[in-house]
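Have a look at these structures, which come just after this line.
Each of the next two complexes has subunit A plus one more chain, namely subunit B in the first and subunit C in the second.
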Partner chain A sequence: MKLSCLQENLDRGLNVVGRAVAIRTTLPITNNVLLATDQSRLKLAATNLEMAISCWIGAKVEEEGAITVPARLLSEFISSLPSEKVDIGLSPQTKTLGLKCARFEARISGVDAKDFPPIPKVEEGIATKVEVEALRQGIAHVVFAAATEESRPVLTGVNAEFDGDLLTLAAADGFRLAVYKLPLAQPVSQKTEVIIPARTLAELNRLVAEQEEAVEITVNPDKGQALFRLKDIELVSQLIQGTFPNYAQLIPKSYNTRAVISVADFLRATKTASIFARDGSGIVRLVVAPGGEMTPGKVIVSARSEEIGDDVGEIDATVEGEEAKIAFNGKYLTDVLSVLHEAQVALETTNPSSPGVIRPVGVDNYLHVVMPMFVQW
Partner chain B sequence: MARRIMHIDLDAFFVSVEQVENPQLKGKPVVVGGRPQGRGVVASASYEARTFGLRAGMPLTTASRLCPQAIFIQGSFPKYRDASQRFMAILADFSPYLEPMGLDEAYLDATGFESIHGSTHQMAAKIKQRIKDELGLTASVGIAGGKIVAKVASELSKPDGLLEVAAGEERSFLAPLPVARLPGIGKKTEQKLNSLSINTIGKLSTMSLSALKSHFGASGEVLHRFANGIDDREVKPPAAAKSTSRETTFGKDTRDRSLLKSTLRYLGERVGADLRQRGKRARCITLKLRYADFTTITRRHTLAQTTDSDQTIFDTGLGLLNKALSEERQAVRLIGIGVSELVEAGKQLDMLDTSARRQEQLNKAIDRIRKKYGFTAIQTGRTLKLKDIFPEDGEGYTLQTPSLSR
Partner chain C sequence: MPIRVLDPQVVARIAAGEVVERPASVVKELVENSLDAGSSQISVEVRGGGVSLIRVTDNGAGIPPGEVGLAFDRYATSKVENLDDLESISSLGFRGEALPSITAVAQIDMITCAAGDKAGTYLDLRDGAIANRGSQGRSQGTTVTVRNLFRKIPARLKFLKSVATENGHIANVVSQYALAFPEIKFSLFLDERMALRTPGNGRLIDSIVEVYGAEVAENMIELRGEAVAPSPRVAGMVGLPKVSRSGRGYLSFFVNRRWVNSRLLARAVEEAYHGLLMVGKHPVAIINISLPAQEVDVNIHPTKSEVKFGNERAVFSAVHRAVRQALAEQITVPRVEEIAVAYESPSGPTQAFPLPAQVHPASPAPWAPEVPTSSLPVLRVLGQLGNSYIIAEGPDGLYLIDQHAAHERVQFEKIEQQRSRREIEVQGLLEPMTLEVSPRQEAVLRSHYQDLAEFGFAIEPFGDRTFLVRAVPALIYNKDWAGMLRELLDSLSEGDKGDWAEGVAASMACHSAVRAGQTLTDVEMRELVRQLEQAAAPHTCPHGRPTMIHLSSEQLKREFGRT
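Right, the complex of A and B next:
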């Protein structure tokens, strides 16, 4: 293997695949990054066995070849080099990768590329395309609601339902549920439902940040893996096997109280209250008070801590229905309010121990359900 | 107005409570702690037993060697807790500024309240009399301008004593006493001071602050103030506890997983009941193990959601136990479980898992039954195993050191 490429391209490529490098692993080679010539380009790849990222960068290839080397070492070395041409050569006998850039030279001991875990091929299956901006919004609106604890594995994923030209993303951790609908740029031939690890989607969101072209999504016929193809980047992810909860039945069909409030005001009041709720269980109490003939309705947001003190904030609201009292974990409210772009949000509640529903006003492609906290008033 | 602080300390508390209940024990060497051949320690010794050199904290085997004729009593924590509550209630009648220190001693800020009783001396005499009349116990009282001197005075006056140190005489009162009399001076500090030929508190008080700091670091400053009889700490009611835990030493070191699990379950249930009674939830669960060679480890796990459920406390504790045992081959001497990072009750409801709600109702029902019929009246299968090992007293199983088994 003999080739040359630009330091900045190699640095960017290593950054792209770097997030798929295994951290704690029983398979040491997954700490490595694969370098392989691929026609007139250099292919970089890393995998943690749940997710694999491959990235192609422009290179002048003189001799074909492949090797794996410790990813962090290579990445740190390359990023500290000047922005010039890097000459790369492999000594096949000693499996040593030689690197030369300006007046720097390094040799890194590698492991044979044949020992690198194969990255699953995802061809055939269900194929579709999604516009980058729609995908980014979709991921941002649901991914935070997925579970981080492994006790219920399906909940660490985001349920993706491809149906015609509509993609519905849903995530739930037991305490909240987020559902976002977005259009597909290319309709699917048959309705398909898979569970994508939330970590994969979070990574995908990072990768598409610099993209403009639509993202191609392919799901294996056996629904074992999915491929996300970007420009010069491919992300292959294992899919989570199991049945996602039937979340439609978790969404309340009716409400007793509906308050329409400004997202910015609600977010500010919740954040302020959360400061006081911090050393408790994060309990933020809401009182939704309907207005009178001459007075507007309001939502009173409060928190108290036995030791520190308490805080009360008021926001104007258009209230429909009876007075309501309900308490939420402040973090769950700030999480959802922070991703909304709309000016106003509707908060629908039934009683203090039934889920509250948050819907941005003016759009109908997103809804968020939050379970309350049971507290003494 | 010059502060008048009282330190009230019940004499040989556990033993005295036993003697009130069973007057035949009066005037005899009595030890509360457990069986003489047991592995526990002396929790309390009567003054008669103390003349043989018996002290609280001494292994029971040593105690029985020093004083074979002593009468050893298992004791019962609930009995002492009740007596303690009545003791504190009497003190609270005299001043609202009350700071309990454990079960059998307390500080009382008498400043301004003495005028009702004539003088602080008369006030203290009244307190002692009420304790004698209502509980049948004797107390020793020290009175001074600050906590530290009040405590030294009560210690010095024991038993059944009353010693007042006049305002301004704190320093001269302490001066002739050996340094070990000063609270806060342990064995190590005492040895170090003696090696510097500082034997009395008076001599200690003449050491310069900078010399003390260079020998003892930050605590040198405290030593300096205390030795000079200066202590302006306030008497304040205890803050709400930030954690709660239970632990026990096994009669014999054990590797028996099922015994460890049952004991963990039992202790966890006691912790859970305590939490629920106080209306708190916990975020952090801690397991404590002491191995045969006395190495002690603690392992903690922070939960994503707070809990007050026996099942969660046990499951988390068991996970920590299994992990700890997989890393250590030794037999276990002591096991304990505790919860911390307590927060006000307020439970995150779950939309998918209804088992949490069922667990909560189950815990509530069990708590009610136990309140009425005793802790062992209803049990999980896992703790039933303990029935063959430990005696029960209606309030629960009596573990290794019964006088301290809450």
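Right, the complex of A and C next:
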């Protein structure tokens, strides 16, 4: 293997695939990054067996070849180099990778590329495309609601339902549910439902941040794999096996009280209250008060702590229905309010022990259901 | 008594059998012989896991020239004469079986010199027969060397484990006898490396230092051992709860100084620790029971490692009482009384004694935690050590805080406080979760699911062995609370009559606390320390382990030789 490429391209490529490098592993080679010539490009790849990322960068290839070397080491070395041309050569007998850039030279001993876990090819299954901005929003609106605790593995994933030209993403952790609908740029022939690890989608969202082209998605439920193809980057993820809860039945069909309030005001009041709530489990109490003839309705946001004291904030609201009292985990409120772009949000409640629903006003592709905390009023 | 071959009548009564199972059995038999010979120094040398060589040298009585040959005959012994003697055996050996058994499976030679003899006798046996005999000078005592053990029995050789494992067994045998006989100087060399040496000054604690190390030794307390007739005399030392171990390997029992295995005695000790140890933990104990030889039968097992007591009940309760008393005394020493009071036992008076983990040895080690007072000074966080400990500075020196134990304490008090005010914070589940339990767990849950409501679990029965969980305590909503519930039900169905409510609170505290190994930000550490400062009993976690170690400025100075 003999080639040259630009330092900044190699640096960027190593950063991209670096997110898939295994950290704690029983398979040491997954700490390595694969370098392989691929026609007139250099392919970089890493895998932690749940997720694999490959990235292609432009290179002048003189001699084909492949090798794996420790990812951290290579990436730290490359990032410290000046942005000039990097010459890369492999000595096949010693499996040593030689790197040369400006007046720096390094040799890194590697492990045979044949020993690297093969990165699955996802070819069969359903194929579709999604506009990048829609995908970005979709992921951001649901991924935080997935469970981080592993006792119910399906909840650590995001349920993705491909149906005609619609993709529905849903995540739930047992206490809250987020559902987001987005259009597919290319309809699917067959309705398909899979669970994608939330960690993979969070990674994907970082990768798509820098591109404008639509993302190609191939899903193979039989093999339990999904491929996301970006410009010069491919991400392959294992799918989570199992059945996602039937969430449609968890969405309340009606409400007794509905308050429309400013997202920014609600977020600020919740954050302030959360400071006072942090001694306990972050309980934020909401009182929704309908307006009178002359007075506007309001939502009173409060928290109290035995040691620190208490905090009360008021927000103007348009209230429909009766007065309501409900308490939520403050983090659940700030999580959802922080991803909303809309100016206003509707909070729908039935009673203090039934789920509340949060919907941005003006769009109907997102909803968020939160289970309250039970407190003494 | 001279060595003689036992009458066939007596032979028929001894529980004979195979004594040489592995190299450690040879060491055990030879050391027992040296002990029976009244030695004050016993040195054991081992090579190749005991297969290449085992040599035991003592300064005991030795064997007169005329009797040496007889020692290798089957059922030849100097320790028992007639049937009556079997009823009250006071020596460790009594069957005249060990030396001939070893001879059958190895090459063996002996140099021995009895008191008053001018020269020693040298004897060399191969294939069970005397190959060489002569006289050789040596001082009083006996050296037995065993070579090529099992060389001619490949089947047995194959059974042996690695050299390291066999060495481990051997070291254990020598250690046990070193603990049983503190007045004897023991030394053990494994492949030329000194593995153990005891001073032989008669003080058990000094043997413990050599065998288990200073850390364990510092936390050992003495049993008072006065005998209340008709029960036996119980003497020895036991470890404070904080030096508990996860196996029973640290329980040593001796009956009239014979090392024995006994489930009865293990149970007596463990029950004395009831409520003081975490589940799955076992105490450290070295206990000798002295009782008239007629009251114990040692003649029931080929390797003599099991005994039968005439009055099991009396032995059991004597041991139980001695250990319990020693533990109880320790925790009422004035210096620790303060935390015993500060430790608010939620269960009220039913708890026998909330034992603070930290009780001070006579001379505290430099790293021994400071005498705790009930409140903490204001601490400044300096950093995190090994992702497990918070390093903090106080007005008087350094504090090392165990982040998990500290957070457990904070959470425990929070839970107790919320519960007493009936203000437990509860998080509802979006979809009720079904909890399937085992038949044993079901029985416990059926009688307790309403009590669990006090802690924030809304649980209701839902058919066969299934329950519906509708809400969980907010403190653990994002933890594996289902796993926690199952663990809790298991620990309670295992016959643990401990306080139910305290168990639930401690379990919730444990599951909601940060783990060891978790990186904490500066803000998180400061917050945790601030909460710990406000805790009522900041020095111990709910299980009684210490949350912190304090190294005073004074101690620091002393350690650095600046005074």
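In this section, the second predicted complex is superposed on the first by the 375 of 377 C-alpha atoms of A that agree within 3 Å, B and C clash if a C-alpha of one lies under 4 Å from a C-alpha of the other, contacts with A are read in each partner's own complex, and residues count from 1 in each chain.
Just so we're on the same page, a contact is a pair of C-beta atoms (placed from the backbone, for glycine too) under 8 Å apart; a residue touches a chain by one contact, two chains touch by 3 or more.
On a predicted model such as this, the values are computed, not experimentally measured, just so you know.
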Subunit C versus subunit B on the shared subunit A, clash or fit after superposition: clash
Partner chain(s) touched by A:P252 [first = subunit B, second = subunit C, both, neither]: neither
First (subunit B), second (subunit C), both or neither touched by A:S353: both
From 6-14, 24-32, 60-68 or 204-212, the subunit B stretch with C-alpha clashes against subunit C: 60-68
Subunit B/subunit C common contact set on subunit A: 148-149, 172, 174-175, 177, 245, 250, 279-281, 283, 306, 329, 353, 355, 369, 371-376
Of all residues in subunit A, those that touch subunit B in their complex: 148-149, 152, 155, 172, 174-175, 177, 245, 250, 279-281, 283, 306, 327, 329, 353, 355, 369, 371-376
List of subunit A residues in touch with subunit C within their complex: 147-151, 172-177, 245, 250, 279-283, 306-307, 329, 353, 355, 369, 371-376
Subunit A partner contacts - residues on subunit C that touch it in the complex: 414, 417-418, 422-423, 425-431, 433, 471, 474-475, 477-480, 482-483, 531, 534
Of all residues in subunit B, those that touch subunit A in their complex: 240, 281, 304-306, 343-353
